[in-house]
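Here come two complexes built around chain A, the first alongside chain B, the second alongside chain C.
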Partner chain A sequence: MSGFGALIGRDLKLAFRAGGEALTLVLFFVMVAVIVPFAIGPDRPQLSRLAPGIVWIAAFLSMLLGLDRLFRADDEDGSLTLLRHSSLPLEAVVAAKVIAHWLVTALPLLVATPVLALLLSMSWEQWGRTVLALVIGTPGLVSFGALGAAVTVGLRRGGLIAPVLILPLAIPVMIFGVGMLDPLAGSGATLFLIALSLVVTAFSPFAAALALRAAGE
Partner chain B sequence: MSVDTVKQPNWFSRLAHPGQFLAWSRYLIWPLGIATALSFAIGLYFAFFNSPEDYQMGDMVRVMYVHVPNAWLSQLVYGVMAVSALGTLVWRHPLADVANKAAAPLGAVFTALALYTGALWGRPTWGTFWEWDGRMTSTLVLLLIYLGIIALWRAFDDQLKAGRIIAIVTLVGALNLPVIKFSVDWWNTLHQPASVFTASGPHMPISILTPLLVMMLAFTLLFALLQVVRMRTEILRRRAETLSRQAALGATK
Partner chain C sequence: MTLASGDLGSLGMAVMNQPHRPSEAFAPHLRVRGLTIRRGERLLFEDLAFEVRAGGVLLVRGPNGVGKSTLLMALAGIVRPDAGTIEGVERTRLHLLNYRSGLKPRLTVAENLKFWRAMHGATGLDEDAALEVVGIDGLGGLEAGYLSSGQLRRLALARLLVSKRPVWLLDEPSAALDAEGEALLGRLIDAHRASGGIAIVATHHDLMLADAAGVETLMLGGGA
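Let's turn to the complex of A and B:
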């Protein structure tokens, strides 16, 4: 278990001390929301009606954009090979990296959502619900993403393939995530989103580890 | 004269040997082709001349004879790919990843045709080419998954490694498809419910069901034929690649 924690700590340190990629991702997240009013007009009631969907699209795109850094750097400098031979099972390695990735990419987005709420004139009640949906849904997104990143780690030009591969698979997350925001929908969508997120988070380390092993053969 | 003392492998491993596959599948192509052509001829004759018009849709109902077989194949082909993915991961069957690679573009084409014929059918009957209804949307997502898998196949240089990795993606897609289907149905629904394969038998008169089943058989045979041809082509292509690599190696020595 100490190896597990150490790995999370290492990834967090790497993210904070080098590159500042997390901040760039937040910037991208906010920018997507900023360009939407230019595209559909500054009409406040309309913006407020579309806001949860816009926030979800922005989060979706940001998560997909950040996918590539999950395993690629480790693969390039050889630490992934070391991790494969460590006493920690590869599945646990993947799980640790997924947790660290969520902390680095998803958590800052959640912190940035109030800015989007202001820009898109969301009500605070709407904002709260959106954040809750993102908190539940993003682990599922990151886990789908881990699979995409593991599958494309051996590809030199894999950057665009992983999002294209993962996007259709992750559509249910989007559907239930946005469905949760409908006040009339009841708790069905929330429960489905929780179930989906939990199942994907539980299974994806195994599938991703399998793909990493196949890629390293 | 040499005597073959090697123990003969069982049928399953014989199936696995690419050379053996090339040998016996050669005799499959002509019979399959003839059966496909015959069933298309019969099916199309029934579909165009020997089946009633629908009392509401008129002649438009005949679109069904191409639409339903394509929709059926769009799912069958994914099933074939999922089974071949299991073959790659569990038995490391050398032909399984060839089958997966051969089937992916076929599945994409059948799915695209199902969507296209569905749009042509939907325009006069529903008044729209496209509607975000549950079944149509999940078919569209299926098409996107096919295209993603094709893109992944094209991105890899090492086809053997690609086979194992894509098998994982195919299986994850197979597990995820019911979830997508369910979520999209939950989201919106308009399409008519299933009417051929239901627990209480088909919900349509025999005069329409017969040509439909013949057409489904014809399209399935077409898929089998194209699949065999594509698998043979893929094996030969890999052989040619190996030969050219060996030749290049010989030239440097």
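Let's turn to the complex of A and C:
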């Protein structure tokens, strides 16, 4: 098995073995959707109109909350230092970790979206567009997140600093993500979201590796 | 030969005056010249120079906080020196062993080893053989979180065996090891030297090496 695959495999194993940590984010995601109808009332047309925004807020927040552990555990036990001596360049190490992180945090959200669709009385068509928007947008969110996580990895109790740091950067993802869900809008938002996600995903391993190298000193 | 940091400047010159040799493909040859490292405002060492040839061992000694670990981190390419050059140690040709062993408590012993073998190159022993050498065979299926600290240290040593790399940077390798473990460590370093590898060892303990020839001591902090 190549190092790249081995790293993804290890991170997946750890996520599922660590006592369902991956599931806490999904629970948070669903919880937001559960409480919203109570907060704004059971008016179905209104709920359905607000649904795309609510789903994006829920996804956005749960992705941000999961960021901190992207590099922290590996930094604390020394894995990150040892990975710098692996046959993979650090950029590839970061890319593998970002892919694993997406699989652990974003994929479960996509699987949980039917529950939200039901709770927020979304139509099937609306649900389909939402899933598509999340599929396109979440790699961008994770990649922005990798930057924030790499920059704050040296802080003892980073906690919420990484999410706060990357929030302004990640907001365009949400703007175009929600824009894509407007049935009357053209394909502009979709193209912008794709472009944004691709660019960030391509560049963030290099930027994050740079930050990790600086943090090691 | 014992080096005190006081006369390192002149030694650095002596090293530099040696004719330059073409770099050998496999035999490691570590050369450090004029190495200066600061941590924050504090100057840890200045103008440090030494060299270790294939089969050599360098013991780095000195009181706590004198910069032994930082020196190893600099050799490992993690800490950037303020001045000086380090030659002959490449990122993918070294093993670093320190108190942060990169082992995951929730993975089994064999899974941990297999992972590092995949990352650092499957050029050495396979997992079972390495576990047998370090004396924790039979524990491969156990989660690493259940190991004692001595067993964890043995597992960390097994990581050095599954990927063959010429330069070992060992930071207090005998920590948590019992007497038998220290003897094992000595044997591992002996075997590593015999195959042409070099080891830089920061330690307060004496290593149990079979042959003291080629073992040099670098005393940091000027103390005896």
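Going forward, the second predicted complex is superposed on the first by the 216 of 217 C-alpha atoms of A that agree within 3 Å, B and C clash if a C-alpha of one lies under 4 Å from a C-alpha of the other, contacts with A are read in each partner's own complex, and residues count from 1 in each chain.
Quick note on the criterion: a contact is a pair of C-beta atoms (placed from the backbone, for glycine too) under 8 Å apart; a residue touches a chain by one contact, two chains touch by 3 or more.
The shown structure was predicted, so the numbers you read here are calculated from the model rather than taken from an experiment.
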Name the contact category of A:13: first (chain B only), second (chain C only), both, or neither. second
Give one of first, second, both or neither to describe whether A:217 is in contact with chain B, with chain C, with both, or with none. both
Which partner does A:46 reach: the first (chain B), the second (chain C), both, or neither? neither
Is A:87 touching anything from chain B or chain C once the two structures are fitted on A? First, second, both or neither. second
Check the residue A:123 against both partner chains and state whether it touches chain B (first), chain C (second), both, or neither. neither
Touch test for A:24: chain B only (first), chain C only (second), both, or neither? neither
Pick out the shared contact residues on chain A: the ones touching chain B in one complex and chain C in the other. 217
Tell me, which parts of chain C touch chain A in their complex? 76-80, 91-92, 94-96, 98-104, 106-107, 111, 114-116, 118-121
Under the touch definition given earlier, write down the residues of chain B that touch chain A in their complex. 89, 141, 144-145, 147-149, 151-152, 155-156, 158, 161, 164-166, 168-169, 171-173, 176, 179-180, 182-184, 186-187
Could you please specify the touching residues of chain A with respect to chain C in the complex? 1-3, 5-7, 10, 13-14, 17-18, 74, 76-79, 81-88, 216-217
Contact set on chain A toward chain B in their complex: 147, 151-152, 154-155, 157-158, 161, 164-165, 167-169, 171-172, 175-176, 179, 188-189, 192, 196, 207, 210-211, 214-215, 217
